[in-house]
Amino acid sequence: MGVVHGEEMVLNIGPQHPATHGVLRLQVRTDGEVVSQITPYMGYLHRCFEKHSENVTYEQVIPFTDRCDYLSSMSMNFGYVVAMERLMEIKVNDRVEHIRVVMAELQRIASHLLCTGVFGLDLGAFTPFLWALRDRERILDLFELTCGARLLYNYMWVGGLSHDIPVGFVESTFEFLDYFEPKVDELENILAHNKILVERSADIGVMPKDVAISYGVTGPNLRASGVKWDLRKNDPYSIYDRFEFDVPIGEGQKGTVGDCWDRFYVRIIEIRESVKIIRQALASMPKEGDVHQSLPKKIRPPKGSVYARTETPRGDLGYYIESDGSPIPYRVKMRSPAFTALSVLDEIGAGWLLSDVLAILGSLDIVLGEIDR
Amino acid sequence: MIKYFSDIFTAVSTIAGGMFITLTHLVKAKKGIATLQYPEERWPRPERNIGFNSESYNVIRSRLHVDMDDCIGCLKCERACPVDCIKIETAKAPERGEDIKDVKHVGITTNGTRKAMVVTRFDIDMTECCYCNLCTYPCPEECIFMTGGPNGKKHPIDYEFSEPDRSDLIYRFAKPGTKEGMENILNEKSKVEA
Amino acid sequence: MTVDFIFDGLNQLFPAVAGNDFFLIIAMLLPVAALLGFITIYGFGVIYSEIKVSSFIQDKTGPMGQGPGLHAGKWGLLQPVADGIKLFIKEDIIPASADKPLFILAPFLIFIGALTAFIAVPFGEKIIIVDMNIGIFYIIGVGSLAVIALILAGWSSNNKWALFGGMRSAAQIISYEIPAGISLVVVIMLASSLNMQEIIAYQEGGLFNWIIFDNPFMPIVFVIFFISALAETNRTPFDLPESESELVAGFVTEYSGTRYAIFFLSEYANMFVISAVAATAFLGGWQSPFENFLNTPAWSVFWMISKTFFLIFVMIWVRWTVPRLRVDQLMHLCWKVFIPIGLFNVFAVAIWIVVIG
Amino acid sequence: MAEILFWFIASLTVLSAAMVVLNNQLLYSAIALLFTLFGVAGLYIYLWADFIAGVQLLVYIGGINVLIIFGIMLTNRISSVRLSQTNIQQGFGGVIALWLLIIISLVISKTPWYQVTSAEPSSTVREVGTLLMTKYLLPFEAISILLLGALIGAALLSREAS
Amino acid sequence: MMEHIFIHYSLFILFLPLVAFVIQIFFGKRLPREGDWVSIGAISITLVLAINMFVQMLLDYDSDFSVEASFVWLDMGAFNIRLGFLVDNITIIMLLVVALISTCTHIFSTQYLKGDIRYSRYFGYLGLFTFSMNGIVLANNLMSMYMFWELVGVSSYLLIGHWFEKDSAANASKKAFLTNRVGDIGFFIGIMLIYSAVGSFAFTDVFDGVASGVIAGTTLTLAGVGLFMGAMGKSSQFPLHIWLPDAMEGPTPVSALMHAATMVAAGVYLSVRIFPILTPDALLVVAYVGGFTAIFAASIAITQTDIKKVLAYSTVSQLGYMILAVGTGVYTAAFFHLLTHAMFKANLFYGSGSVIHSMHHALHEKHDHETDPQDMRNMGGFKDKMPITYWSMLLSTMAIAGVPLFSGFLSKDAILAGTLSFAMHHPEHFLLPLFGFGAALMTAFYMFRMMFLTFHGEPKMPELIDDIHESPKEMTGPIVLLGALSLFIWYTLPYFNPMSTHGWFTDLVVPKDAVVPGNLSANEIEEGAHHAHYLAMYISIAVATLGILLSWATYIKKAVSADQWSARSGFLYNWSLNKYYFDENYDRYIYQPTLRLADKVAWIDWELYDKYFINGFGRLTNWASKITGKFDYDVIDQLLVDGTGRISNLIGRKFKSIQTGKLQNYVLYVAAGVIILMVIQSF
Amino acid sequence: MDQLNNYLFIAAILFSLGVFGVMTRRNGIAVLMGVELILNAANLNFIAFSRFGGMNLDGHIFGLIVIVLAAAEAAVALAIVINIYNNLNTINVDEASMMKE
């Protein structure tokens, strides 16, 4: 006697599939609908970022960092310039730092909005996704106002910014935040507490603390597993030590700590925390200050290497830059957060149903541009 | 058993709550609509003011444009480009700062710099351009810029530059005939010298 | 009923050749033709409303146009027509490794299922194509044809996504037929008839005589029926068979062009049928909500269609609100929630009928 | 007209029944069975048994046929399109079946059947229900217990041994 | 239909245990305390209702009281079966007995079965049993009685086999079930005989039918004996008594409930109910069966060492008494004894359960799983450790032994008197009173033997005695209650005459004249019994005293050595100890022979018929004529006898290939066969 | 159409086809389909006699019972077939002949 065992089936999810968030291919072994093994195949979006960087000057690397995590370009720029400034020992003025923080946090909101919306879309709720995109558009408007580009900014430069913020930017940002805060509540109400979504995500794809740490998972995914780890608090860079904000962690409110719902909900709380930071940064921003003040005439860092890490919306972003004294970097290595998040997929995704695997994948919030680089 | 019914209750109440939210959106459809009717309505370009003396300073990243009359052929933009989409060839002008009528070369820029080189080829491959804006900063004459740039009044913003033919996206800014004209001039000159 | 009516009419119109078999054929084909026309028009209407309602819910405008030509008509009214034309002139691809006969048969089978169910839907006291004794039973029976069509579509495509979709939908529809059936049993118990018209006649006399207000259990029964109806028509949150983020497009993955259009249309036709059944069984059918007000035959069509469309609107509304369930949760909902509560309702209403009714 | 329709239905029934047993592709057989069942339902309507026809639609087509298709899918390599099967003792079996048909047909045609002409009942549902609850209460209960037993048995058979 | 309030009461009494059963079976595991309170609650309600009915009966005091209600269950045209209730005084008393003992059992079981893995199921089965027992009691016709009869069989099967992990329990349950079936066949035949003659199952119709002579003579006797066979099965009368002692494998409270008080009483109840249709011949059968069982079982009980076995055989013996009483016509006395016996025997079982429980715990403390906790040889001296158990058990023992002032004295006395008077009327049946008094003597002996072995004397296993302690309240409560009910006072209520059976009971359950013509009138016997009463009383007191004294002398005084006696009595002792080898004999003479019959027949065929007859005949004829002999050998033997075998062997081997194991081939053959048959038929 | 014999003939054909299917098919499910044909034939006869033979609605009851029986049979049969498949990895009935000896 026995239940019907479907024959083992190998499914290729992707590289063209609505739920893979890009050109990712998951080779999935299923028994009936139960997934027994997931093998991610990457490289469909490989652009030789690291090799490319060894052939262009230091300032020319910045547009390439934009394209790695195309959903949080500002944060990618930020990480690179932090690394470069450490290497060249440049101290930028407060105005620049404030603007950078505002930009990075706005970017975090935009990225998390997209992630939460797409998570809903993965689970079949279409409407919240469009609402999220609608609000993300407002943030992109602010970026366009600032630097003229909506997606790939090349805004932060080593030692400064490409432009100062325009007149009226602070006001319109405040206006946006006032508009935006109730929208987060709406998003949470329609999505986070919906019984169906809770059923679909709570207790699903649980990533225990130790698994998360041993796989090197960072960012909201790690925090959802209950680890209070945020580089903005734990290893403050820029001026994050000046602001008050909380680091939300997963509490297993609807299920187990570290399940899909926690990962999803941590991002919603982080949106609120980012709003807090932006309000503080805008309020304390110095009115005067030249954003080009410490811009070096020629970028030719001393011989040596640096590793700097920052907190992007997806986790710890690390840049390792080695300089041989020439204007062209000897080596640029990027430690990308979504890559580690994807690598944990087989560990936490095997044994669930096919639908759950896609929910888990959605909750990990990966961006293929950064994984493949 | 209690969990069974409380689950049913939460399901009903949360779904009803969600439906109420969507209903409010449906009812207030007129207010919240975020769509633009594209061909009729255009995306409003944000008017950017950075406090300079120029009243409106647009940094919109659209297609690149070169004011050939001002270009001195210094090759700074070509070097700044991370993707090498700018190709410039120059020829030494017979005389610095002189207009050469045959090839429509203007000898002095609007900034008053006297040009030593005649640009015989200035090609930008817009299919390769990554819109990073890096080429515009080093230009000493501010002659290469994204449209809608500082000289926005001269150049209307446009982002609808799709072309049916891919080769049409290689913008050739050097004036037609410059190359041949310069070759002729240089040949004649060498003949004369010879 | 209608056939006889038309036949008699034709006979009276042409007394010379009365009783001709040809007339009978005409009398049979005419309602079918009318039905096809109705389904087409209804399809355009419901697709348009789906687009528009979803757009407004999502803070969009949906298709808009300033005039005929490029822009799909005023307010995008011609958008469904344009979609339809696009689908019908699109290349119709049959995958090389598909099982060709079954691949072709499947869309027709599902369309037959949807179409034949229409003939028992009452639009008025006399406006019904066939007034069957077992009308409501017949519609449930014919509805089960869709299951086979979906399995065939999924299997014959020779595509894993399609197969998954087909099997899922089959399991889903079979399961949800039970709570839907149980809910209708309650209605049948109250009306003590399987005949659609008699069920409607039972609800005569205004809003509060409708079955949904008959006793305190009926709203629950109605909700169970309605949600089961959502599941039977594969609508969100039960759209697992074609859930795009999981199965690409489920059983229609390999279908394109006209065949896809038929699947599409059948889904909407099934929505209409099931809503019409719900309206008939619970909301008084073609009767006006107010006694002796707007209760003429012409208005009866209006009431029926408006009730049906209201339910369809709710279906659309639900679709754009909630996420999708998982397979096991779907089954859990059916077998552990709906069926026990449905059975409880049957007993409760039976007791109610004996004790109070 | 009705005559033509009758013969059409009858031939549909018989031909698709032949398909059921002669076709070597299982799924085609199942689909042919669907048409046979449809045809039989049509014949029931000619026999004034509309309720039975409805039951036939619901139970046979909606239940049994789907179950059979499920069975086919579950017991074959479903990722391969051809689900064929082979026959045994076809010659001998064919002869026997033919003889059976001939003999039954002889019996049918030779027997002077007792026939009564009765009026078409207006509705069979109510009468059938009444009969089920009175005269045939015991068979009704027995059959429901049988159904329950079959349900439990089938569930037990296909349960994983733990 | 249900005009009388008692019908409503009966409905509740009947169905409440069933409801409890259903709840227990489906939800028992999930309820707090595994749901024993559901069963106890349900059964307590029935007890309250039964007491209410009983009190009303006493207040009304109408000996002809009877209400009846019935409805059609199966309507098959001419043949229809009605179900219904008949409530009269007997029914009410039986209901009270069942409800009371059942309640006690439920309460007792909460402790006795504490921690059992099938605790809730056990209570569920108790509910089912109570339901079916009440069904028997309330039935107004033979058919429904038969149904509940079978249900009782099923539930007793389930309860005896409660610990079915033990092989002995599983076998005992099977044995009980099968043995009962044998009796039920007779029962069913009896029912059908009556139905075929009378055309109805209802008691009233049957009685009317018998009175009007629709059924009479041999048929009636056969029907009566058939019905009585059912009673024999249930009441475990000789020779169907073998299941009851084995049934002691079930939990002790079950033994108390079923095998002492209620289920086995069903047979007696049935005999009482159908008394009017028993012809004199049938009654004689009844009387002899009962009488023999009484003395026979008593003689086994003397030597048993297992405490529960003693009680079991005592039960069989007492039931024999009751049957004897029915047979001799004093069915009032039979029923009276049924009532008193239910009380004191249930109590004895509870007491033994309490002892076993305590022994079991004590053994458990010592981690001794080898010693049998039910063996009396391991007990002794428990008197001070378990005073409540001891005293109440002593009361019941007094009652069963027929000591004056106790209930058993009254009822037994009535039976003995009836028997005596019967024998006076019919001196040729002098054996019946001898059976009665002999059994009484033995009863007194072995019951006190049991008491002495268990509670008096030196502890046989001194290491245990410290761990022996009184059982918890839930167990002692029922014991005390039932012990008190063993006193005479409850049964002679309005008169308080400890020496006379004359009480409320006799007036309520007056014997009705048998309807069978020519039957000896019950009233006549009653009259006789009055005359024989004092004689019977004296003899019985004497006999009881003798038994007790003998027991005392043997086991306390040790004046008489039991071992010596047993050695001296030789085979009698062994027979008694081994229950007259009944099981073995059944096994040897019925089961095994049946199994070996085929062998024997084959053996006869080959060894006797073939070898000696055929061959011998051949040799004989050979001796007479060699040619004839050769012809004989070649033709008769080889060709016809062996040849048939060879040919069938050959055919079998050929046809073996037809059996392919493939169903479809068989279908093909069947179809071909049908065709051939049809073709043949048409020619 | 109004002739009893028509229906009886159709039923006879269905019956013989069903018997043929049962006899010749190797696949267990195909055999099951043959059985369904036989049941349908029987049912058709019931209903036909119900109309023409004066059985009135009793035939309908039997038809109903047969349909229910068929449902139960199909459920159990398929459970068995699936079990056989799980154990033997085939559903050819002639290979499932362990009970031969």
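Each chain carries a letter (A, B, C, D, E and F) given by its place in the written order, and its residues are counted from 1.
Methods note: contacts are C-beta pairs under 8 Å (C-beta built on N, C-alpha and C of every residue); 3 or more make two chains touch, one makes a residue touch a chain.
Everything numeric here is computed off the predicted structure, so don't read it as measured data.
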Under the document's definition of touching, what chains do chain B and chain C have as common neighbours? A
Looking at Cα centroids only, farthest away from chain F lies chain B
Going by the average position of its CA atoms, which chain sits the greatest distance from chain A? E
Could you work out how far the Cα centre of chain B sits from that of chain F, in whole Å? 77
From the C-alpha centre of chain C to that of chain E, how far is it in Å? 66
From the C-alpha centre of chain A to that of chain D, how far is it in Å? 61
Mind checking the centre-to-centre distance between chain A and chain F? Centres are C-alpha means, answer in whole Å. 63
Using the touch definition from the top, which residues of chain E touch two or more other chains? 662, 664, 668, 671
Where in chain F do residues touch two or more other chains at once? 19, 23-25, 82-83, 94
Chain C, residues touching no fewer than two other chains: 57-60, 160, 320-322
Contacting residues of chain F [partner chain E, same complex]: 19, 22-25, 31, 93-94, 97-101
Sort out for me which residues of chain A touch chain B in the complex. 56, 59-64, 66-67, 127, 134, 137, 141, 144-145, 147-149, 152, 154, 162-168, 186, 189-190, 193-196, 198
Under the touch definition given earlier, write down the residues of chain B that touch chain A in their complex. 7, 10-11, 14-15, 17-18, 21-22, 25, 34, 46, 48-51, 58-61, 80-82, 130-134, 137, 146
Write out the stretch or stretches of chain C touching chain D in their complex. 21, 24-25, 97-99, 101-102, 105, 132-134, 137-138, 140-145, 147-148, 151-152, 155-156, 158, 160, 163, 167, 170, 174, 177, 193-195
Interface residues, chain D side, partner chain C - complex: 1, 27-28, 31, 34, 50-51, 54-55, 57-58, 61-63, 65-66, 69-70, 73, 78-79, 81, 122-125
